[in-house]
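Presented below are the structures under discussion, each in the form of C-alpha coordinates.
Two complexes come next, and they have one chain in common, chain A, joined by chain B in the first and chain C in the second.
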Partner chain A sequence: MADEALFLLLHNEMVAGLYRAAEQGEGENGRCTTKLESMGFRVGQGLIERFTKDTARFKDELDIMKFICKDFWTTVFKKQIDNLRTNHQGIYVLQDNKFHLLTQMSAGKQYLEHAPKYLAFTCGLIRGGLLNLGIKSIVTAEVSSMPACK
Partner chain B sequence: SRELLVLTYGALVAQLCKDYEKDEDVNTCLDRMGYGIGVRLIDDFLARSAVRKCHSYSETADVIAQVAFKMYLGVTPSVSCSSAAGNEFSLILDKNPLVDFVEELPAERASLCYCNLLCGVIRGALEMVHLAAEVTFLQDRLKGDPVTEIGITFLRKAEDRKHKRN
Partner chain C sequence: IPVSVICFPQQNYPLYIRSIPTENELKFHYTVHTSLDVVDEKISAMGKALVDQRELYLGLLYPTEDYKVYGYVTNSKVKFVMVVDSSNTALRDNEIRSMFRKLHNSYTDIMCNPFYNPGDRIHSRAFDNMVNSMMMQVC
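Moving on to the complex of A and B:
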(Lines of atoms letter the chains of each structure in order from A and count residues from 1; the text may use other names and numbers.)
(Lines give C-alpha, C1' and ligand atoms only; values in the text may rest on other atoms or scores of the structure.)
Protein backbone atom coordinates (compact mmCIF):
# COMPACT_ATOMS: atom_id res chain seq x y z
CA MET A 1 0.00 0.00 0.00
CA ALA A 2 1.19 3.46 -0.76
CA ASP A 3 0.98 4.41 2.92
CA GLU A 4 4.04 2.35 3.70
CA ALA A 5 6.19 4.19 1.21
CA LEU A 6 5.13 7.50 2.69
CA PHE A 7 5.79 6.39 6.25
CA LEU A 8 9.17 4.96 5.30
CA LEU A 9 10.20 8.19 3.64
CA LEU A 10 8.91 10.30 6.51
CA HIS A 11 10.79 8.16 9.02
CA ASN A 12 14.04 8.37 7.07
CA GLU A 13 13.66 12.12 6.71
CA MET A 14 13.05 12.45 10.44
CA VAL A 15 16.22 10.58 11.25
CA ALA A 16 18.24 12.55 8.71
CA GLY A 17 16.73 15.88 9.76
CA LEU A 18 17.36 15.38 13.45
CA TYR A 19 20.96 14.35 12.91
CA ARG A 20 21.53 17.24 10.53
CA ALA A 21 20.26 19.66 13.13
CA ALA A 22 22.47 18.07 15.76
CA GLU A 23 25.54 18.45 13.63
CA GLN A 24 24.94 22.14 13.20
CA GLY A 25 24.28 22.66 16.89
CA GLU A 26 26.44 21.30 19.63
CA GLY A 27 24.26 18.32 20.51
CA GLU A 28 25.72 14.83 20.63
CA ASN A 29 24.37 11.84 18.82
CA GLY A 30 22.99 10.28 21.97
CA ARG A 31 20.38 12.99 22.30
CA CYS A 32 19.06 12.41 18.79
CA THR A 33 18.47 8.78 19.52
CA THR A 34 16.63 9.76 22.69
CA LYS A 35 14.44 12.19 20.77
CA LEU A 36 13.60 9.57 18.17
CA GLU A 37 12.83 7.05 20.85
CA SER A 38 10.55 9.44 22.69
CA MET A 39 8.69 10.23 19.46
CA GLY A 40 8.22 6.54 18.90
CA PHE A 41 7.03 6.27 22.49
CA ARG A 42 4.23 8.79 22.00
CA VAL A 43 3.15 7.19 18.76
CA GLY A 44 3.24 3.73 20.32
CA GLN A 45 1.00 4.80 23.17
CA GLY A 46 -1.56 6.28 20.82
CA LEU A 47 -1.48 3.37 18.39
CA ILE A 48 -1.91 0.67 20.99
CA GLU A 49 -4.92 2.46 22.43
CA ARG A 50 -6.63 2.44 19.08
CA PHE A 51 -5.75 -1.15 18.26
CA THR A 52 -6.89 -2.68 21.50
CA LYS A 53 -10.17 -0.86 21.82
CA ASP A 54 -12.14 -3.93 20.87
CA THR A 55 -9.90 -6.81 21.83
CA ALA A 56 -10.36 -8.86 24.95
CA ARG A 57 -8.25 -8.40 28.06
CA PHE A 58 -4.83 -10.03 27.91
CA LYS A 59 -4.22 -13.01 30.15
CA ASP A 60 -0.56 -12.47 30.93
CA GLU A 61 2.70 -11.02 29.72
CA LEU A 62 3.28 -13.72 27.18
CA ASP A 63 -0.11 -13.04 25.67
CA ILE A 64 0.73 -9.38 25.33
CA MET A 65 4.05 -10.20 23.67
CA LYS A 66 2.30 -12.50 21.25
CA PHE A 67 -0.15 -9.73 20.42
CA ILE A 68 2.72 -7.37 19.75
CA CYS A 69 4.43 -9.93 17.53
CA LYS A 70 1.39 -10.80 15.51
CA ASP A 71 -1.32 -8.17 15.33
CA PHE A 72 0.58 -5.04 16.22
CA TRP A 73 3.55 -5.82 13.99
CA THR A 74 1.27 -6.79 11.13
CA THR A 75 -0.65 -3.57 11.33
CA VAL A 76 2.44 -1.44 11.46
CA PHE A 77 4.87 -3.34 9.23
CA LYS A 78 2.56 -5.64 7.26
CA LYS A 79 4.24 -8.81 8.48
CA GLN A 80 4.66 -10.76 11.68
CA ILE A 81 7.71 -11.13 13.83
CA ASP A 82 9.65 -14.15 12.65
CA ASN A 83 10.85 -15.42 15.96
CA LEU A 84 9.99 -14.81 19.60
CA ARG A 85 12.21 -16.19 22.32
CA THR A 86 11.96 -15.79 26.07
CA ASN A 87 13.67 -16.90 29.21
CA HIS A 88 10.37 -16.78 31.10
CA GLN A 89 11.93 -14.36 33.51
CA GLY A 90 11.02 -11.15 31.80
CA ILE A 91 13.36 -11.05 28.84
CA TYR A 92 11.93 -11.41 25.35
CA VAL A 93 13.77 -11.36 22.08
CA LEU A 94 11.80 -10.49 18.97
CA GLN A 95 13.54 -11.29 15.76
CA ASP A 96 12.51 -9.87 12.43
CA ASN A 97 14.45 -11.18 9.47
CA LYS A 98 13.29 -8.61 7.01
CA PHE A 99 12.69 -5.49 9.02
CA HIS A 100 10.69 -3.17 6.86
CA LEU A 101 12.53 0.02 7.69
CA LEU A 102 15.88 -1.55 6.86
CA THR A 103 15.15 -3.55 3.71
CA GLN A 104 15.73 -0.58 1.46
CA MET A 105 19.04 0.18 3.04
CA SER A 106 21.27 -2.79 2.55
CA ALA A 107 21.33 -6.56 2.44
CA GLY A 108 24.33 -7.38 4.53
CA LYS A 109 26.90 -5.62 6.59
CA GLN A 110 27.11 -2.36 4.72
CA TYR A 111 26.00 0.73 6.65
CA LEU A 112 25.73 -1.35 9.80
CA GLU A 113 26.84 1.51 11.98
CA HIS A 114 23.88 3.62 10.84
CA ALA A 115 21.28 0.99 11.54
CA PRO A 116 20.67 1.81 15.25
CA LYS A 117 19.44 5.28 14.35
CA TYR A 118 16.65 3.77 12.33
CA LEU A 119 15.66 1.39 15.04
CA ALA A 120 15.33 3.98 17.80
CA PHE A 121 11.87 5.04 16.71
CA THR A 122 10.62 1.46 16.62
CA CYS A 123 12.06 0.75 20.07
CA GLY A 124 10.11 3.70 21.38
CA LEU A 125 7.03 2.42 19.58
CA ILE A 126 7.23 -0.90 21.37
CA ARG A 127 8.00 0.68 24.73
CA GLY A 128 5.03 3.05 24.43
CA GLY A 129 2.72 0.26 23.42
CA LEU A 130 3.82 -1.94 26.30
CA LEU A 131 3.48 0.86 28.83
CA ASN A 132 -0.08 1.49 27.82
CA LEU A 133 -0.79 -2.20 28.20
CA GLY A 134 0.57 -2.04 31.71
CA ILE A 135 4.12 -3.29 31.28
CA LYS A 136 7.13 -1.18 32.11
CA SER A 137 10.01 -2.16 29.92
CA ILE A 138 13.33 -1.34 28.41
CA VAL A 139 13.59 -1.99 24.71
CA THR A 140 16.86 -2.29 22.91
CA ALA A 141 17.70 -3.29 19.38
CA GLU A 142 20.52 -5.22 17.86
CA VAL A 143 21.44 -5.52 14.23
CA SER A 144 24.05 -8.00 13.14
CA SER A 145 23.24 -8.22 9.48
CA MET A 146 20.70 -6.16 7.62
CA PRO A 147 17.83 -6.38 7.16
CA ALA A 148 17.40 -8.74 10.08
CA CYS A 149 17.26 -7.26 13.55
CA LYS A 150 16.43 -8.26 17.09
CA SER B 1 -2.57 2.08 8.63
CA ARG B 2 -2.80 5.76 8.06
CA GLU B 3 -2.98 6.27 11.82
CA LEU B 4 0.67 5.39 12.16
CA LEU B 5 1.54 8.08 9.65
CA VAL B 6 -0.69 10.68 11.24
CA LEU B 7 0.51 9.94 14.78
CA THR B 8 4.14 9.94 13.69
CA TYR B 9 3.68 13.27 11.97
CA GLY B 10 2.11 14.67 15.12
CA ALA B 11 5.00 13.47 17.26
CA LEU B 12 7.42 14.98 14.76
CA VAL B 13 5.77 18.39 14.87
CA ALA B 14 5.64 18.27 18.65
CA GLN B 15 9.33 17.47 18.83
CA LEU B 16 10.20 20.25 16.41
CA CYS B 17 8.17 22.69 18.46
CA LYS B 18 10.23 21.70 21.47
CA ASP B 19 13.48 22.12 19.60
CA TYR B 20 12.75 25.40 17.92
CA GLU B 21 11.34 28.47 19.61
CA LYS B 22 10.14 30.34 16.56
CA ASP B 23 7.27 29.15 14.39
CA GLU B 24 9.08 30.15 11.21
CA ASP B 25 11.93 27.81 12.08
CA VAL B 26 9.57 24.91 12.56
CA ASN B 27 7.82 25.77 9.31
CA THR B 28 11.13 25.92 7.45
CA CYS B 29 12.23 22.64 8.94
CA LEU B 30 8.99 20.93 7.95
CA ASP B 31 9.23 22.35 4.47
CA ARG B 32 12.80 21.11 4.06
CA MET B 33 11.91 17.64 5.27
CA GLY B 34 8.94 17.64 2.95
CA TYR B 35 11.20 18.54 0.08
CA GLY B 36 13.48 15.61 0.85
CA ILE B 37 10.46 13.31 0.93
CA GLY B 38 9.00 14.78 -2.26
CA VAL B 39 12.07 14.19 -4.41
CA ARG B 40 11.92 10.51 -3.51
CA LEU B 41 8.18 10.14 -3.42
CA ILE B 42 7.84 11.16 -7.05
CA ASP B 43 9.67 8.00 -8.11
CA ASP B 44 7.35 5.85 -6.07
CA PHE B 45 4.33 7.75 -7.38
CA LEU B 46 5.28 7.46 -11.04
CA ALA B 47 6.04 3.78 -10.63
CA ARG B 48 2.71 3.05 -9.01
CA SER B 49 0.44 5.23 -11.02
CA ALA B 50 1.94 5.13 -14.53
CA VAL B 51 0.32 8.44 -15.46
CA ARG B 52 1.06 9.75 -18.88
CA LYS B 53 3.09 12.87 -19.45
CA CYS B 54 1.17 16.02 -18.56
CA HIS B 55 0.92 18.62 -21.26
CA SER B 56 -0.14 21.60 -19.24
CA TYR B 57 0.02 23.03 -15.80
CA SER B 58 -3.64 22.41 -15.18
CA GLU B 59 -3.24 18.76 -16.09
CA THR B 60 -0.37 18.52 -13.64
CA ALA B 61 -2.43 20.11 -10.89
CA ASP B 62 -5.27 17.68 -11.62
CA VAL B 63 -2.96 14.70 -11.43
CA ILE B 64 -1.58 15.87 -8.10
CA ALA B 65 -5.03 16.31 -6.67
CA GLN B 66 -6.87 13.35 -8.08
CA VAL B 67 -4.20 10.69 -8.25
CA ALA B 68 -1.39 11.51 -5.85
CA PHE B 69 -3.38 12.83 -2.92
CA LYS B 70 -5.83 9.99 -3.26
CA MET B 71 -3.06 7.42 -3.36
CA TYR B 72 -1.12 8.65 -0.35
CA LEU B 73 -3.58 10.41 1.87
CA GLY B 74 -6.89 9.01 0.71
CA VAL B 75 -8.50 12.37 0.03
CA THR B 76 -9.15 14.17 -3.23
CA PRO B 77 -8.85 17.92 -3.07
CA SER B 78 -10.64 20.00 -5.65
CA VAL B 79 -8.57 22.05 -8.04
CA SER B 80 -9.24 25.58 -9.12
CA CYS B 81 -7.20 27.84 -11.34
CA SER B 82 -6.72 31.23 -9.83
CA SER B 83 -4.86 33.23 -12.43
CA ALA B 84 -5.46 34.21 -16.02
CA ALA B 85 -1.97 33.15 -17.02
CA GLY B 86 -2.85 29.59 -16.07
CA ASN B 87 0.05 29.01 -13.76
CA GLU B 88 -1.54 29.46 -10.35
CA PHE B 89 -3.70 26.76 -8.88
CA SER B 90 -5.34 26.03 -5.60
CA LEU B 91 -5.98 22.66 -4.10
CA ILE B 92 -8.88 22.86 -1.70
CA LEU B 93 -8.99 20.21 0.97
CA ASP B 94 -12.19 19.63 2.79
CA LYS B 95 -10.73 17.00 4.99
CA ASN B 96 -7.07 16.90 5.86
CA PRO B 97 -6.14 13.48 7.24
CA LEU B 98 -2.90 14.72 8.78
CA VAL B 99 -4.84 16.77 11.33
CA ASP B 100 -7.22 13.99 12.30
CA PHE B 101 -6.03 13.97 15.86
CA VAL B 102 -5.39 17.67 16.26
CA GLU B 103 -8.08 19.81 17.77
CA GLU B 104 -6.51 23.19 17.64
CA LEU B 105 -3.15 24.90 17.58
CA PRO B 106 -1.84 26.00 20.96
CA ALA B 107 -2.05 29.74 21.55
CA GLU B 108 1.68 30.41 21.46
CA ARG B 109 2.04 28.67 18.12
CA ALA B 110 -0.43 30.73 16.19
CA SER B 111 1.59 30.97 13.01
CA LEU B 112 2.62 27.35 12.83
CA CYS B 113 1.82 25.76 9.50
CA TYR B 114 1.06 22.33 10.83
CA CYS B 115 1.03 20.68 7.42
CA ASN B 116 3.93 22.52 5.92
CA LEU B 117 5.44 19.16 5.13
CA LEU B 118 2.86 18.77 2.37
CA CYS B 119 4.05 21.95 0.67
CA GLY B 120 7.61 20.73 0.68
CA VAL B 121 6.59 17.35 -0.69
CA ILE B 122 4.73 18.89 -3.62
CA ARG B 123 7.56 21.28 -4.33
CA GLY B 124 10.21 18.55 -4.26
CA ALA B 125 8.20 16.19 -6.42
CA LEU B 126 7.50 18.86 -9.02
CA GLU B 127 11.12 19.86 -9.15
CA MET B 128 12.12 16.31 -9.97
CA VAL B 129 9.93 16.45 -13.05
CA HIS B 130 11.51 19.74 -13.98
CA LEU B 131 8.68 21.99 -12.95
CA ALA B 132 9.75 24.73 -10.60
CA ALA B 133 6.95 25.84 -8.35
CA GLU B 134 6.18 27.70 -5.20
CA VAL B 135 3.80 25.98 -2.86
CA THR B 136 2.27 27.60 0.17
CA PHE B 137 -0.75 27.43 2.38
CA LEU B 138 -3.38 30.00 1.54
CA GLN B 139 -5.93 28.92 4.08
CA ASP B 140 -5.67 26.57 6.99
CA ARG B 141 -8.53 24.99 8.85
CA LEU B 142 -6.50 24.80 12.02
CA LYS B 143 -6.23 28.56 12.04
CA GLY B 144 -9.94 29.06 11.73
CA ASP B 145 -10.44 29.22 7.98
CA PRO B 146 -13.33 27.22 6.56
CA VAL B 147 -11.15 24.96 4.42
CA THR B 148 -7.52 24.14 3.93
CA GLU B 149 -6.17 25.56 0.70
CA ILE B 150 -2.76 24.92 -0.82
CA GLY B 151 -1.60 27.27 -3.54
CA ILE B 152 0.75 26.09 -6.29
CA THR B 153 2.39 28.72 -8.48
CA PHE B 154 4.29 27.29 -11.39
CA LEU B 155 7.35 29.34 -12.16
CA ARG B 156 8.50 29.74 -15.70
CA LYS B 157 10.28 26.71 -17.16
CA ALA B 158 13.56 27.19 -19.00
CA GLU B 159 12.78 28.43 -22.51
CA ASP B 160 15.02 26.06 -24.42
CA ARG B 161 13.40 23.04 -22.80
CA LYS B 162 10.04 24.13 -24.11
CA HIS B 163 11.34 24.50 -27.64
CA LYS B 164 13.07 21.16 -27.60
CA ARG B 165 9.84 19.41 -26.80
CA ASN B 166 8.04 21.06 -29.71
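Moving on to the complex of A and C:
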Protein backbone atom coordinates (compact mmCIF):
# COMPACT_ATOMS: atom_id res chain seq x y z
CA MET A 1 0.00 0.00 0.00
CA ALA A 2 1.23 3.45 -0.74
CA ASP A 3 0.37 5.10 2.52
CA GLU A 4 3.60 4.06 4.24
CA ALA A 5 5.66 5.87 1.67
CA LEU A 6 3.31 8.86 1.86
CA PHE A 7 3.85 9.41 5.54
CA LEU A 8 7.59 8.76 5.26
CA LEU A 9 8.02 11.37 2.56
CA LEU A 10 5.76 13.86 4.29
CA HIS A 11 7.66 13.43 7.52
CA ASN A 12 11.04 13.91 5.88
CA GLU A 13 9.84 17.02 4.12
CA MET A 14 8.35 18.33 7.37
CA VAL A 15 11.71 18.07 9.10
CA ALA A 16 13.58 19.60 6.19
CA GLY A 17 11.04 22.39 5.78
CA LEU A 18 11.11 23.38 9.41
CA TYR A 19 14.86 23.59 9.49
CA ARG A 20 15.01 25.58 6.31
CA ALA A 21 12.50 28.09 7.71
CA ALA A 22 14.51 28.35 10.90
CA GLU A 23 17.70 29.16 9.04
CA GLN A 24 16.09 31.94 7.05
CA GLY A 25 14.02 33.32 9.91
CA GLU A 26 15.20 33.37 13.47
CA GLY A 27 18.04 30.92 13.29
CA GLU A 28 17.16 29.23 16.56
CA ASN A 29 17.76 25.58 15.98
CA GLY A 30 16.58 24.30 19.32
CA ARG A 31 13.02 25.41 18.66
CA CYS A 32 12.61 23.19 15.63
CA THR A 33 12.85 20.02 17.64
CA THR A 34 10.29 21.38 20.08
CA LYS A 35 7.93 22.28 17.27
CA LEU A 36 8.23 18.81 15.79
CA GLU A 37 7.64 17.24 19.16
CA SER A 38 4.56 19.34 19.82
CA MET A 39 3.15 18.39 16.43
CA GLY A 40 3.65 14.77 17.27
CA PHE A 41 2.02 15.38 20.64
CA ARG A 42 -1.27 16.64 19.24
CA VAL A 43 -1.35 13.93 16.58
CA GLY A 44 -0.68 11.31 19.23
CA GLN A 45 -3.65 12.47 21.29
CA GLY A 46 -6.05 12.11 18.40
CA LEU A 47 -4.57 8.79 17.28
CA ILE A 48 -4.84 7.21 20.69
CA GLU A 49 -8.46 8.27 20.96
CA ARG A 50 -9.23 6.41 17.75
CA PHE A 51 -7.21 3.31 18.53
CA THR A 52 -8.46 2.75 22.05
CA LYS A 53 -12.08 3.18 21.07
CA ASP A 54 -12.73 -0.54 20.87
CA THR A 55 -10.07 -2.09 23.06
CA ALA A 56 -10.66 -3.27 26.59
CA ARG A 57 -9.64 -1.16 29.57
CA PHE A 58 -5.97 -1.19 30.50
CA LYS A 59 -5.20 -2.70 33.86
CA ASP A 60 -1.98 -0.87 34.67
CA GLU A 61 0.98 1.00 33.28
CA LEU A 62 2.70 -2.08 31.96
CA ASP A 63 -0.43 -2.96 30.05
CA ILE A 64 -0.45 0.47 28.46
CA MET A 65 3.22 0.17 27.48
CA LYS A 66 2.57 -3.22 25.92
CA PHE A 67 -0.31 -1.76 23.96
CA ILE A 68 1.97 0.99 22.67
CA CYS A 69 4.61 -1.53 21.68
CA LYS A 70 2.30 -3.89 19.87
CA ASP A 71 -0.93 -2.40 18.52
CA PHE A 72 0.02 1.24 18.33
CA TRP A 73 3.42 0.68 16.76
CA THR A 74 1.99 -1.84 14.31
CA THR A 75 -0.73 0.51 13.17
CA VAL A 76 1.62 3.43 12.69
CA PHE A 77 4.82 1.78 11.53
CA LYS A 78 3.57 -1.64 10.36
CA LYS A 79 5.81 -3.57 12.76
CA GLN A 80 6.14 -4.18 16.48
CA ILE A 81 8.74 -2.89 18.89
CA ASP A 82 11.54 -5.43 19.09
CA ASN A 83 12.48 -5.02 22.71
CA LEU A 84 10.84 -3.52 25.76
CA ARG A 85 12.76 -3.20 29.00
CA THR A 86 11.80 -1.64 32.28
CA ASN A 87 13.28 -1.08 35.67
CA HIS A 88 9.86 -1.31 37.27
CA GLN A 89 10.35 2.13 38.70
CA GLY A 90 8.87 4.11 35.88
CA ILE A 91 11.53 3.90 33.16
CA TYR A 92 10.74 2.00 29.97
CA VAL A 93 13.12 1.48 27.09
CA LEU A 94 11.57 0.64 23.74
CA GLN A 95 13.98 -0.60 21.16
CA ASP A 96 13.21 -0.75 17.49
CA ASN A 97 15.90 -2.36 15.37
CA LYS A 98 14.66 -1.15 12.08
CA PHE A 99 12.89 2.12 12.74
CA HIS A 100 10.67 2.87 9.82
CA LEU A 101 11.48 6.54 9.51
CA LEU A 102 15.22 5.89 9.50
CA THR A 103 15.48 2.99 7.06
CA GLN A 104 15.75 5.32 4.10
CA MET A 105 19.02 6.80 5.36
CA SER A 106 22.30 5.03 4.88
CA ALA A 107 23.22 2.69 7.69
CA GLY A 108 26.44 4.16 8.81
CA LYS A 109 27.96 6.95 10.85
CA GLN A 110 27.36 9.53 8.18
CA TYR A 111 23.99 10.86 9.24
CA LEU A 112 24.06 9.87 12.88
CA GLU A 113 24.04 13.45 14.14
CA HIS A 114 20.98 14.36 12.11
CA ALA A 115 18.96 11.37 13.22
CA PRO A 116 17.45 12.96 16.37
CA LYS A 117 15.59 15.47 14.23
CA TYR A 118 13.69 12.64 12.66
CA LEU A 119 12.87 11.11 15.97
CA ALA A 120 11.34 14.22 17.53
CA PHE A 121 7.94 13.77 15.92
CA THR A 122 7.68 10.18 17.09
CA CYS A 123 8.69 11.17 20.62
CA GLY A 124 5.85 13.65 20.65
CA LEU A 125 3.52 10.98 19.27
CA ILE A 126 4.27 8.69 22.18
CA ARG A 127 4.05 11.49 24.75
CA GLY A 128 0.65 12.63 23.44
CA GLY A 129 -0.69 9.12 23.41
CA LEU A 130 0.48 8.43 26.95
CA LEU A 131 -0.95 11.68 28.28
CA ASN A 132 -4.37 10.85 26.89
CA LEU A 133 -4.19 7.47 28.59
CA GLY A 134 -3.43 9.15 31.87
CA ILE A 135 0.37 8.95 32.09
CA LYS A 136 2.51 12.07 32.30
CA SER A 137 5.85 11.26 30.75
CA ILE A 138 9.07 12.46 29.21
CA VAL A 139 10.10 10.72 26.04
CA THR A 140 13.63 10.82 24.73
CA ALA A 141 15.23 8.98 21.87
CA GLU A 142 18.74 7.92 21.10
CA VAL A 143 20.32 6.40 18.07
CA SER A 144 23.48 4.40 18.43
CA SER A 145 23.55 2.71 15.07
CA MET A 146 21.23 3.22 12.16
CA PRO A 147 18.56 2.18 11.64
CA ALA A 148 18.01 0.98 15.18
CA CYS A 149 16.87 3.41 17.81
CA LYS A 150 15.76 3.43 21.40
CA ILE B 1 -39.36 13.32 29.22
CA PRO B 2 -36.19 14.66 30.70
CA VAL B 3 -32.90 13.53 29.27
CA SER B 4 -29.48 14.94 29.88
CA VAL B 5 -26.05 14.22 28.43
CA ILE B 6 -22.79 15.45 29.93
CA CYS B 7 -19.19 14.57 29.20
CA PHE B 8 -16.16 15.04 31.42
CA PRO B 9 -12.48 14.58 30.67
CA GLN B 10 -9.89 13.27 33.07
CA GLN B 11 -9.89 16.38 35.25
CA ASN B 12 -13.62 16.14 35.90
CA TYR B 13 -14.85 19.45 34.62
CA PRO B 14 -17.72 19.40 32.11
CA LEU B 15 -16.74 19.57 28.47
CA TYR B 16 -20.24 19.37 27.12
CA ILE B 17 -23.67 19.69 28.69
CA ARG B 18 -27.00 19.28 27.00
CA SER B 19 -30.43 18.75 28.57
CA ILE B 20 -34.03 18.51 27.46
CA PRO B 21 -36.12 20.20 28.77
CA THR B 22 -34.03 23.17 29.73
CA GLU B 23 -35.90 24.37 32.80
CA ASN B 24 -34.51 21.95 35.30
CA GLU B 25 -30.95 22.08 34.08
CA LEU B 26 -29.42 22.85 37.45
CA LYS B 27 -30.90 19.74 38.91
CA PHE B 28 -29.33 17.65 36.17
CA HIS B 29 -25.99 19.31 36.72
CA TYR B 30 -26.14 18.47 40.38
CA THR B 31 -27.19 14.89 39.75
CA VAL B 32 -24.41 14.33 37.30
CA HIS B 33 -21.83 15.88 39.58
CA THR B 34 -22.67 13.54 42.40
CA SER B 35 -22.66 10.57 40.08
CA LEU B 36 -19.05 11.35 39.17
CA ASP B 37 -17.99 10.07 42.56
CA VAL B 38 -19.63 6.75 41.91
CA VAL B 39 -17.97 6.53 38.52
CA ASP B 40 -14.56 7.06 40.10
CA GLU B 41 -15.31 4.42 42.69
CA LYS B 42 -16.13 1.91 40.02
CA ILE B 43 -13.00 2.61 38.05
CA SER B 44 -10.71 2.15 41.02
CA ALA B 45 -12.49 -0.94 42.24
CA MET B 46 -12.22 -2.58 38.88
CA GLY B 47 -8.63 -3.70 39.19
CA LYS B 48 -9.07 -7.45 39.12
CA ALA B 49 -12.63 -7.60 37.93
CA LEU B 50 -13.87 -7.08 34.39
CA VAL B 51 -11.55 -5.71 31.78
CA ASP B 52 -14.52 -4.24 30.01
CA GLN B 53 -14.55 -0.58 29.28
CA ARG B 54 -18.11 0.41 29.69
CA GLU B 55 -20.21 0.24 32.76
CA LEU B 56 -23.92 0.47 33.28
CA TYR B 57 -24.78 2.39 36.32
CA LEU B 58 -28.34 2.18 37.55
CA GLY B 59 -29.07 4.18 40.59
CA LEU B 60 -29.58 7.58 42.12
CA LEU B 61 -33.34 7.21 42.49
CA TYR B 62 -34.63 10.34 44.15
CA PRO B 63 -37.57 10.13 46.49
CA THR B 64 -39.73 12.54 44.53
CA GLU B 65 -38.74 11.90 40.97
CA ASP B 66 -37.06 8.89 39.52
CA TYR B 67 -33.98 9.14 37.41
CA LYS B 68 -31.65 6.57 35.99
CA VAL B 69 -28.07 7.63 35.62
CA TYR B 70 -25.79 5.79 33.22
CA GLY B 71 -22.06 6.14 33.03
CA TYR B 72 -19.47 5.25 30.39
CA VAL B 73 -15.70 5.63 30.63
CA THR B 74 -13.28 5.47 27.73
CA ASN B 75 -9.67 4.37 27.87
CA SER B 76 -8.60 7.98 27.73
CA LYS B 77 -10.45 8.65 30.99
CA VAL B 78 -13.24 10.61 29.37
CA LYS B 79 -16.54 10.05 31.10
CA PHE B 80 -19.98 10.33 29.59
CA VAL B 81 -22.95 10.55 31.90
CA MET B 82 -26.56 10.30 30.83
CA VAL B 83 -29.62 11.04 32.95
CA VAL B 84 -32.92 9.52 31.86
CA ASP B 85 -36.36 9.66 33.40
CA SER B 86 -37.36 6.36 34.95
CA SER B 87 -40.87 6.55 33.60
CA ASN B 88 -39.39 5.89 30.21
CA THR B 89 -39.20 2.14 30.63
CA ALA B 90 -39.04 1.55 26.91
CA LEU B 91 -35.33 2.35 26.94
CA ARG B 92 -33.40 -0.88 27.06
CA ASP B 93 -29.83 -1.72 27.86
CA ASN B 94 -28.82 -2.10 24.22
CA GLU B 95 -30.18 1.26 23.28
CA ILE B 96 -28.26 2.98 26.03
CA ARG B 97 -25.12 1.16 24.93
CA SER B 98 -25.56 2.19 21.35
CA MET B 99 -26.13 5.78 22.42
CA PHE B 100 -22.86 5.73 24.32
CA ARG B 101 -21.07 4.25 21.31
CA LYS B 102 -22.36 7.07 19.16
CA LEU B 103 -21.20 9.59 21.73
CA HIS B 104 -17.77 7.98 21.84
CA ASN B 105 -17.48 7.96 18.05
CA SER B 106 -18.40 11.63 17.83
CA TYR B 107 -15.98 12.48 20.59
CA THR B 108 -13.21 10.70 18.71
CA ASP B 109 -14.04 12.72 15.62
CA ILE B 110 -13.79 15.92 17.62
CA MET B 111 -10.40 14.89 19.02
CA CYS B 112 -9.06 14.45 15.53
CA ASN B 113 -10.23 17.88 14.45
CA PRO B 114 -7.07 19.99 14.12
CA PHE B 115 -8.92 23.11 15.20
CA TYR B 116 -9.91 21.61 18.49
CA ASN B 117 -7.63 21.96 21.50
CA PRO B 118 -8.03 19.08 23.92
CA GLY B 119 -9.51 20.45 27.10
CA ASP B 120 -11.67 23.15 25.57
CA ARG B 121 -15.42 23.06 25.73
CA ILE B 122 -17.02 21.33 22.80
CA HIS B 123 -18.70 23.69 20.37
CA SER B 124 -18.93 21.40 17.37
CA ARG B 125 -22.15 21.53 15.41
CA ALA B 126 -21.82 17.93 14.30
CA PHE B 127 -21.65 16.81 17.90
CA ASP B 128 -24.66 18.94 18.76
CA ASN B 129 -26.67 17.50 15.90
CA MET B 130 -25.79 13.97 16.87
CA VAL B 131 -26.80 14.54 20.49
CA ASN B 132 -30.02 16.26 19.46
CA SER B 133 -31.07 13.45 17.16
CA MET B 134 -30.27 10.93 19.86
CA MET B 135 -32.37 12.74 22.43
CA MET B 136 -35.26 13.12 19.99
CA GLN B 137 -35.25 9.36 19.59
CA VAL B 138 -35.62 8.89 23.30
CA CYS B 139 -38.40 11.44 23.81
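Observations on the structure shown:
One rule holds in what follows: the second predicted complex is superposed on the first by the 149 of 150 C-alpha atoms of A that agree within 3 Å, B and C clash if a C-alpha of one lies under 4 Å from a C-alpha of the other, contacts with A are read in each partner's own complex, and residues count from 1 in each chain.
Just so it is clear, a residue touches a chain if its C-beta (ideal position, glycine included) is under 8 Å from a C-beta of that chain, and two chains touch if they have at least 3 such contacts.
Remember, predicted model here, so these are calculated numbers, not experimental data.
If you put the two complexes together on chain A, you find that chain B and chain C both fit without a clash.
In the superposed model, A:Ser137 lies in contact with neither chain B nor chain C. When the two complexes are overlaid on their common chain A, residue A:Val76 makes contact with chain B while staying clear of chain C.
Once the two complexes are overlaid on the shared chain, A:Met14 sits against chain B while remaining clear of chain C. Residue contacts after overlaying the shared chain place A:Gly46 against chain B and chain C alike. Once the two complexes are laid over each other on the shared chain, residue contacts for A:Ala5 go to chain B alone; chain C is not touched. Touched residues of chain A, counted separately for chain B and chain C, are more numerous for B.
Between chain B and chain C in the chain A overlay, the least Cα distance found is 5 Å. When both complexes are aligned on chain A by C-alpha atoms, chain A residues 42, 46, 50 touch chain B in the first and chain C in the second. Looking at the complex, you find that chain C touches chain A at residues 10, 46-47, 51-53, 73-77, 104-105, 107-108, 111-112, 114, 118. Only residues 42, 45-46, 48-50, 52-53, 55-59, 132-134 of chain A touch chain C when the two sit together in their complex.
The part of chain A that touches chain B in the complex is made up of residues 1-7, 9-11, 13-14, 16-17, 21, 35, 38-40, 42-43, 46-47, 50, 75-76, 121. Those residues of chain B whose C-beta lies close enough to touch chain A in the complex are 1-5, 7-12, 14-15, 19, 29, 32-33, 36-37, 40-41, 44, 48, 71-72, 101, 117.
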